[in-house]
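Just below is one structure, and these are the notes that go with it.
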Amino acid sequence: MNLDELNEMAEGVRAADTGIAHEVRVCMAASCQSSGAGPVLDGLREAAPSTGCRVKGVGCMGLCSAGPLVAVAPMDGGEPVLYRDVKAEDAQAIACSIGTAPVERLRLPNDLPFFSRQQKIVLENSGVIDPNSFKGYIAVGGYSAMVQALTEMTPAEVLAEVTTSGLRGRGGGGYPTGLKWSTVAKMPAEQKFVICNADEGDPGAFMDRAILESDPHRVIEGMAIAAYAVGATRGYVYVRAEYPLAVERLKTAIRKAKRSGFLGAHICDTQFSFEVEVRLGAGAFVCGEETALMASIEGLRGQPRPRPPYPAEAGLWGHPTLINNVETFANIAPILLRGGEWFAGIGTERSKGTKVFALAGTIRNTGLIEVPMGTRLRDIIEVIGGGIPDGRAFKAVQTGGPSGGCLPAAHLDIPVDYDSLRELGTIMGSGGMIVMDETSSMVDVARYFMEFCMTESCGKCIPCRAGTQQMHDILKTIAKGRGTRADLALLEELCEVVQATSLCGLGQTAPNPVLSTLRHFRVEYEDKLAATSA
Amino acid sequence: MPLPAPQPQVRVVTLKIDGQDVSAREDETIIEVARENRVPIPSLCYLEGLSVWGACRLCVVEIAGTDRLLAACSTRVTEGMQVITNSERLQRYRRTIVELLFAERNHVCSVCVSNGHCELQTLAQRCGVDHVKVPYRHARYEVDSSHDLFRLDHNRCVLCTRCVRVCDEIEGAHTWDVMGRGTDCRVITDLARPWGDSGSCTSCGKCVQVCPTGALVRHGTSVGEMTKDLKFLPYLSRRRHGQ
Amino acid sequence: MSVTRHKPPTPSSDKRWNLVNAAMRRNGYADHALIEALHSVQEAFGYLDETALVYVAESLDLPLSKVFGVATFYHLFMLKPKGRHACVVCTGTACYIKGAGGLIEGIEGRYGIQPGETTEDNALSLLSARCVGACGLAPAVVLDGDMLGKQTSEDLLARLGGLD
Amino acid sequence: MSANDRVSVATAWLDGCSGCHMSFLDMDERLIALADKIDIVYSPLVDAKELPEQVDVGIIEGSVSSEEDLHKAQLLRKHCRLLISLGDCAVNGNVPAMRNQFKLDAVFDRAYRENVSFQPQRPTQGVPALLERVRPVHGVVAVDVFVPGCPPSADAIWYVLSELIEGRIPDPSQVTKFGA
C-alpha cells in the first residue's frame, strides 16, 4: 500500500458519511464514564434522529470537572456545540436541538479560555474520533505518516526528521528523542525492541491514560515508525493494570491494525515487519523506570539495575531497546506529516512542541490540557484552569509528581519548559500539575510524597529503601509539631545522600519534594519547629 | 618478517585512580581494577565470583567529567578515566549509608555469633562510623532455626542478596529469593516457608559462607565463633562459567 | 544430556484453571510470562493461593522463591482473598489534597481495618490505589468496581453501612 | 599539662552491665600513671557522690532506659565540658535496647510475671520508671566523643584518655568498633 491508496481508503470512509450532517460525540474516557457518560450515550442513541445524525462515543475532551461532556458537531466543519454535566434525562433535549437552537442551560461557551487557549497536536483526535474505530482513525489521516515513512523515506530520513523537530522525551527526563533513536539505530544487532512506557504512575497524572483511551492508534503508529527508524521488529506497550479501559482500547486497536495489515508481517506490503504486544504492570510505580520496566516485561521483580549499560545498548533480554513514553510516540506522526521544522517552530528555544498537562487539585477546571511549551504558568492556572475556587488564595503548584517540586505564587510568571522548571527545583515530569490553595500545608505535601516514594521504593538499594523511610519518619515528626532543629538538619543531610547515591531515578529524585518545599516554603518548616520549642 | 599478532578482542586502557596511573582491560570494572592495585573501595553486595548487583551503593566513586556518582562495581573503566574513590564527600555518604543499615534492623554486634568476623562491623569501623545519627527503628524480625545445619536471623540481614545469587548462579538451586518491596523486603526460601522445610535447598551451605553478616550462620556457634570462608567461590565460579 | 520437563497436572477440575492454562499457553509457557500468568490466576480466582503459585511455578519451570518474590513485589497481587465488598480509596495527589486521608480514617475508625486489610467477618476489604485517574472527581472511591466521585466521609460510611 | 592542672573526670553508669567501668579498671598499672593526670571527681568507682559544678570530661556507660538515666545524662551534659559515650550501650543502645522491639508492658509482664513463680508483681516503688523506648546517650543529649565496644578494651580507653590529657580530640574508630 502506498500513500495514494491509503488516501483513497480514507476518502472511502469519509464518503460513507455523506448524508450525515451532525455528529453527537459523547466523552467515554474514564472520568466522564464514572460520572455517568454511559447512560448519556445510550439515551442519545435512542433519542437522536435516525437519519442525518450519528451518535458516537469518543475519547477525552479535556474538561473532566464538567463531565459528562457531549459535543454536537456539524460535519461541514462548523463549530461544535459543547454541553456540560449532561445527564441521561437531558438526551431528549439535546437530540431535539440538533440542527436548531442549542440547549442553553447545558451549554459551555465556545470561547471558554479552557478550550481557546490550548493548541492540540497530541490530543487533536481526542474527543473527536471513536477510539475503538480503526476506520475512524483512517478517516482523519491516520497511518499516513507510517505509510509515508515505509514507502517514501529511509530510516535515516525518519531519524533526521525527528531530530530536526527537537522533540524531547515526554516521560519526564526530557532526553532528546532523535538522539535516543539514533543511538539505538546505530547499534549493530539482529534483534531490537521498541517499548512504549505507559506505566503512568505519578499520582495526579492521567495524560497517558487519556491518550490511550482516546487515540490508541496514534501511539501504535508512532511506535511502528520508531521501529522502522531504529530497525526493531518487536514492540511492547507496558501499561498499568489500573487502566483497564486504556488496556482494552489498546488491545482492540492492535488487533484491528493487525487485521488490516498495518501491524505484523510485511506491513502494507513492504519489507518491514513489526509485532506489538501489551504487557500489564501490577502496581509498582518503580516500573516507570526503564530498567525496572524491562525487568518486569521479562517477568521479574521490577527492580532497576545500574546504568550504563543503557537500554539503547543492552535492554530487553540484553538487546538494544528504544523506550519512549506514550506522549512522545503520539507526537511522531504529526512530526513526519508536517515536518520537523514545523514542530520546531512551536514552543521555546530548547523545549519544542506542545505538552499535555493533567490539571488537578483545588482549581476550577480540572482535566486535560495541551499547550505550547513556554506557556506562562499563570496562564495555565488562572486562565485555562480558571483559578482557585471558593475565594481562596493560590499557594503552590506541584509538578513532576514524586520526583518534582512545588512552586509558589512568586514564580507564576515563568514559562513552562524543561529548563525553567529545573532551575526552580522542580521538573516538567510527565505532566501532572496539582494546584494547592492556602489551606494546604507544604510540610504535609512533602510528607505525602515521601510516603509515596517509601512505599514505592523497590528495596534494592540501601539509600532509597532505608533513607526514604527515615526521611518520612522525620517529616511525620515535624508535621506533628514535634520536630527539632537537629531533625531538620538530619533531614537535609539524608536528602543529599539519597539524591546522590541512590541506584535509580526514584531514589535520586525522592528528596525533590522536600528540597523544593524547603527552598520555597522553609518558613512553614521553621514554624512547625518553633511550636515545639515554645 | 613475522606478521603482526592478531588484534586482541579486548583492548587495554590506562586510567587514573586517586591520582595513580593504572592500566586495565577495558572489560574490567572500576572496583576490579582498584582492588588489583590495592586501592580499597568499600562494598557489601559486590563479591568476586557472583554477578554484579549494584545495590549497596557503598562503592560509589566520583569520575571527572560527570556530576553523577557511579558504582565502581557496575562501571567499566574507559581510556583516560579519572576516578576519585575517597573524597570527603564520598566518605560522608558512605558513613550515612552504613548508619542507615545499622538503624534499619537489629545489628547488635556484641551478642552476634559473627562478632569480629563481620563485614558490616568492619565496614563501620573502616568508614569511621563510631555512632549512628539516624534513629534506630527497632522493628521485630524473625529468626528461622528450622534448618538442621544453619540459622537465618533476619535481624542481621542487609539484603545484599549474595545468598540469592550464590544459590542461583553457583549451586543452581535458586532456593533463595527476595520477597516484598521496600523496607518490607526479606530473603526467603521457596514460598517463604521455614528454611528447614525447603524442598529445593541442598544444604550446601554456600549461602552461609557468602553472607557478610551474622544473618546466615551455622548452628552451634556462640558469640564471635562464626567464621566464614570464601575461598571456594572464585574456583567454583570459574568452573561454572567455563573459564 | 537433557532432563525431561513434565507439565504438572492441573490442581483441580475447577474450570477456572482453563483460563490460567490459556494465558500460559498463549505465551508458550515462557518464564517471562510469569506476571501474565499471575494476572490470569488473580482474574480467575480473585487472589493467589499457594496451590496456584506452585502450579504456575511448575508449569513455567520457575523456582518457587522467584515466583513468590514476584507475587509479593507487585501490590496488585493479593495473597489472601478479598472480602465480599472491596472499597478502594484513591490516594493520588488530587484526592489526597481533597481529603482522601479523611475517608480512610473514617473507615479505619468505623471498621478497624487499614488499607490492605479485611474485616474479620470478611464483609469489607479496604484498599488504597495510587491515582485511579479520576482527578476531576476527587476524592474518588471505587466501591465494588463502581466509581464514586467527590466523596465525604459521611457519604461513604453511609453507603458502606448500607451494604449487605 | 602541668601537675596542678589535672583533668577532672566524672563517670556515670546508666543501663549497662558495668563492664565498661570494669574495662576501665583493666588498665591495671596504667591507672597509676593516670592518677597523676586526672581527678575522678564523681563516679561509681569513687566515694564522691556530688557532681561538681564544672567538670572537664564526663564519661557515660550504659543506655538511657529510665527516668533516672535520662536525668543523669542531662546532668553530666550540663556540668561537663566534654561528654564521652563509653561502650555500645551508651553508643548504640546495645542489649538494653533490644527490648524496644516490644511494648513496655510486654517487657514488664515477661520479666515480673511470666518468669516469676513467687509473688509475681510489677515493681512500682523505689525504682525509677522505665522509659517507653531505650535510647543511646546521643539520643537525649549531645555527645562529643564516641567509644564503641562491648566493652571497649582497656587499651582503647587508655588511648582516649591519653589523647584528651594531651589536649587532642581522640578518634577511637582506629582502636575499637561496635561489639569489639
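Per-chain residue numbering starts at 1, and chain names A, B, C and D are given in the order in which the chains are listed.
By definition in this document, contacts are C-beta pairs under 8 Å (C-beta built on N, C-alpha and C of every residue); 3 or more make two chains touch, one makes a residue touch a chain.
No experiment lies behind these values; they were computed from the predicted model shown.
> Both chain B and chain D are touched by which chains?
Per touch definition, common to chain B and chain D: zero chains.
> Quick check for the class: compute each chain's Cα centroid; which one is farthest from the centroid of chain C?
Centroid comparison gives D as the farthest chain from chain C.
> With contacts counted as C-beta pairs, which pair of chains has the highest total?
A-C
> With chain centres taken as the means of their Cα atoms, state the distance from chain A to chain C in Å.
25
> Roughly how far is chain A from chain B, going centre to centre by Cα mean, in whole Å?
Using C-alpha averages as centres, the distance is 39 Å.
> Using mean CA coordinates as chain centres, what's the gap between chain B and chain C in Å?
About 35 Å, centre to centre.
> Averaging over Cα atoms per chain, report the distance between chain C and chain D in Å.
Computed from C-alpha means, the inter-chain centre distance equals 52 Å.
> Quick one: which residues in chain A touch 2 or more of the other chains?
Chain A, residues with two or more chain partners: 284, 301, 456, 458.
> Listing for chain B: what residues touch at least two other chains?
Within chain B, the residues that touch at least two other chains are 133, 135, 178, 180-181.
> Pull out every residue in chain D that's touching 2 or more other chains.
Within chain D, no residue contacts more than one other chain.
> Taking the top-of-page definition of touch, could you list the pairs of chains it picks out?
Final set of chain pairs in contact is A-B, A-C, B-C, B-D.
> Contact residues on chain C for chain B in the complex?
Listed in rising order, the residues of chain C that touch chain B are 50, 53-54, 63-69, 72-73, 75.
> Over in the complex, which chain A residues touch chain B? Could you list them?
Residues 284, 301, 305-306, 308, 454-463, 465-470, 473, 490, 493-494, 497, 500-503.
> Quick check on the complex: what are the chain B residues that touch chain D?
102, 106-112, 115-116, 118, 121-122, 124-125, 128-133, 135-136, 138-140
> Spell out the residues on chain A that touch chain C in their complex, using ranges where they run on.
30-31, 33-35, 64-65, 67, 201-206, 209, 241-243, 279-285, 296-303, 358, 360-362, 366-367, 398, 401, 432, 434, 436, 440, 448, 452, 456, 458
> Going by the contact rule set out above, which residues of chain C touch chain A in the complex?
Residues 30-36, 38-39, 69-70, 73-77, 91-94, 96-98, 129-138, 140, 147, 149 of chain C touch chain A in their complex.
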